[in-house]
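Next come the structures, one after another.
Presented sequentially are two complexes of chain A, the first with chain B as partner and the second with chain C.
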Partner chain A sequence: MLENFSFRTIVEYLPLFGQGLITTVWLSALSFVGALIVGIVLCAMNLQRGWLFRVPAKAYIDAVRATPLLAQLYFLYFGLPRLGFVLPELVVGILALSLNSGAYIAEIIRAGILSIPRGQVEASVASGMTYVQRMRLVVLPQAFKVTIPPLLGQAIVLVKDSALLSLISVAELTRAGQLLASDRFMPAEGFLTIAAFYLLLYYGLKGLAGVSSRWLGTAGART
Partner chain B sequence: MIWQQLQSLAGSYPLALRGLGMTVMLSLISLVLGTLLGFGLGILRTGGNQLISGLIGAWVDLIRGTPFLVQIFLIFFILPEFGIELDAFTAGIIALTNLAACFICEIVVAGIRSVPTGQVEAALASGLSRWQRMRQVVLPQAMRIVLPPLVGQYVLLIKDSSVVSAIGLTDLTRVGWLVVQRVPNGLLVFFLVGVGYFIVCYPLIMLARRLEQRMGAAHGEVQL
Partner chain C sequence: MTTTGLAKTGMIDFRGVNKWFGSLNVLKDITLSVEPREVVVVCGPSGSGKSTLIRCVNGLEAIKNGDLVVDGQRLGDPATNMTQLRTEIGFVFQSFNLYPHKTALENVTLAPIHVRKIPRAEAEKAGRELLAKVGLADKVNAYPAQLSGGQQQRVAIARCLGMRPKIMLFDEPTSALDPEMISEVLDVMVAVAEEGMTMMVVTHEMGFARKVAQRVVFMDAGAIVESGTPDEFFSHPKTDRSRAFLSKILRH
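Entry: the complex of A and B
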């Protein structure tokens, strides 16, 4: 049983957990921004009519979705130095998370854009709008609304996925738990504490998703 | 040089096959167990007992809210403290089954709730027992909603099985990690590892897409 469970050690290691939590938060945030950029570019390529951009984008998205993040992470971690890019683990990690989540985000955005009824696009064509105007004034504002909830879902996935970076020794939250587990042989203290921190982030993002869907719901009712 | 590396890689193909076998076995066992458990939990959760339903909901939320890596560590390192000795394989199966069951529970709940109440009322009026109602009326209709994300969940499960390499199980990802220590070409080694997963996962992704179109489910909800 856990009769030796030591809250004292947890408190002692709290600064380490705090640092880990902060690192997890900002590296996830940075990766999410990166993933948005990757996703938008991939989605734009995927929606082209010509095959030149569409085929590579589709192949990339399928390849990412059919392989585990951990294998992708190792691919970059062991592979990049071979190409002459010797980067810090943290950068490799952020890169891997961005490239991975980007593929999922591309599909989320595509679903959002395709959810706009065809008639609207035809109407804007008939009104003489250019492609950019059509996208900016008609399609994207509506697609935006549909994409926000699944994007927040992806953000939750990303935060959880960032735990894998501990395996390439990035000093984030899970790594802090591992340190406590191995330094003091206290796996229960280490891993239960970080689980609690992850739950905190999870419920935070989930609450945000709830608020945003309510807010978007009323915004939808007004228009 | 690349030729030498290829030769040395070819030499480690028995290891690679064992890794692939381990990945397939882990995924298959926890897929079957997770599906059974997930359906059971889903049916219980919609069963009307507030307490049971609340407990299951809380557990599902705990599992959805924490990284799988942390769950594996918790199971592998903490269950022994309660006197349950585990080898890495059993710990991996438990962790994967639990994860799959929780996500499948949510999928099943969504499916069951999508069945119009009129159907349930009609079944009640026809004097069907609870079990008959579930088996003959609700579940067959719920399957239309359940099936596409269920297949998608299997893909996630296979991919998540790579994380058990962290507790030392020699699955496909771990084999890549071992080989790369000897053949210093991470690009090639993990490209091949990726191909291994792709061969297993891609047909399932295609199947999920086909099902999604066939069943006419709303797009954008399934994430592979």
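Entry: the complex of A and C
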């Protein structure tokens, strides 16, 4: 059985996998930056007292979290052109991942900010700090530390979600596996190889999480 | 209800102040005046509204009606800049509320640098002196998690003093401390009082009250029931409720 497994074909296709890997890395990185921006804006809206910003932000977050990413992606890819917006598939892909992940990141940041004990806000209010000063000097530095691990978790999810972009013919890692599977009828080789590459990316991000938490741990974060 | 035309008397002036939490009347028609340099101890059973009373002074809680004038400024008045007024009022919390991501010195200098706009070098020099004054010269670079409760509360007092406030409010400053740490915090509070700070202190520490307070205010169910000198209050309580309260805290 295993003698049918062709390492030679994998090696032959390595340049293709390499290109796919590189594409997955940079489009995930770009999407994550986009998602951070979307998340910060949504979270700021969601924390407002007035309903004008809060209600749309909540509705958006609910809509994204309640619907499959694939449906969102297909809406942007097939639906938007019918409405008059034609965008390249790469742009659609990055947009979809940013808009999707941003909703989750908004909730991660919100949880981080709300996890800061009320006494911290009261102490800074009592010392005469303005809203901006207490966010900048007291709340956000502490929220940042608790937010880093779940944010890296979300980054890992985003990298795996980027596999869906193969369905709108973006030449990323999963697409490379599909090509090997269909060109040579070697799905085992194709998909096992991309799985190995995703695992590699996972350990890379996990290492990053470990480094950052050690770095933050020495900055006096213990309470 | 208006205060215009009335001569201002105290540093802190409550006149007919009421406050509700939902349907609960937590402050009932409070009238109380604290003179400059006066130390007033507020005591009473749990839930009597004593913490709420002092939290109103710096606007951590809003009053419903009546007048509350602090340092000549009427709270709730659009002309009153609360942020500015708060820089003149130090508040010491039961649970310290030090900033865990900042060292002892940074806790003390944060507001002076960013709110008072004092140059960093000057603020740090003053901060070191204040930490030395509260007996923590060797803990300048320690984080709150590395300090005992008593040490944290002393840093918290130094943090307030760093703003050079006119008024200091203490909300049960020793209630969260182990017994052996209470006196180190009370000693610092006595020193602050002896320098002429206007203080309102919610506490049941009678030794402290007898030593520095000019007045003890006894609250029950949101109202001021009795007020007098520490000696009058502790030795000759006038009401049944204060007698019942004192018999409970004095028994042990």
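To be clear about the criterion, the second predicted complex is superposed on the first by the 219 of 223 C-alpha atoms of A that agree within 3 Å, B and C clash if a C-alpha of one lies under 4 Å from a C-alpha of the other, contacts with A are read in each partner's own complex, and residues count from 1 in each chain.
As a convention for this text, contacts are C-beta pairs under 8 Å (C-beta built on N, C-alpha and C of every residue); 3 or more make two chains touch, one makes a residue touch a chain.
Small disclaimer: the values here were computed from a predicted structure and weren't measured.
Once the complexes are laid over each other on chain A, chain B and chain C both fit without any clash.
When the two complexes are overlaid on their common chain A, residue A:Pro150 makes contact with chain B while staying clear of chain C.
Applying the stated contact rule after C-alpha superposition, one finds that A:Val86 touches neither chain B nor chain C.
Looking at the shared chain after the overlay, A:Leu114 reaches chain B, while chain C stays out of its contact range.
Set side by side, chain B and chain C differ in how many residues of chain A they touch, and the one touching more is B. In the superposition on chain A, A:Val132 contacts neither chain B nor chain C.
Rounded to the nearest 10, the angle at the Cα centre of chain A between chain B and chain C in the chain-A superposition is 100°. By the document's definition of touching, of the two partners only chain B reaches A:Leu70; chain C does not. By the document's definition of touching, neither partner reaches A:Leu52: not chain B, not chain C. Of the two partner chains placed by superposition, only chain C is touched by A:Pro141; chain B is not.
After superposing the two complexes on chain A, the shortest C-alpha to C-alpha distance between chain B and chain C comes to 20 Å. In the superposition on chain A, none of the residues of chain A is touched both by chain B in one structure and by chain C in the other.
On the side of chain B, the complex with chain A involves touching residues 62, 64-71, 73-74, 77-78, 81-83, 155, 158-163, 165-166, 172-173, 176-177, 180, 184-187, 189-191, 193-194, 197-198, 201-202, 205, 219-220, 223-224. Taken together, the chain C residues at the contact with chain A in this complex read 58, 60, 83-84, 86-87, 89-91, 93, 95, 97-103, 110-111, 114-115, 143-145, 159-160, 163.
For chain A in complex with chain B, the touching residues are 1-2, 62-63, 65-72, 74-75, 77-83, 104, 107-108, 111-112, 114-115, 146, 150, 153-154, 160-164, 166-167, 174, 177-178, 181, 187-188, 191-192, 194-195, 198-199, 202-203, 206.
Remark: chain A residues 117, 119-120, 122-130, 133, 137-138, 141-142, 145, 219-223 touch chain C in the complex.
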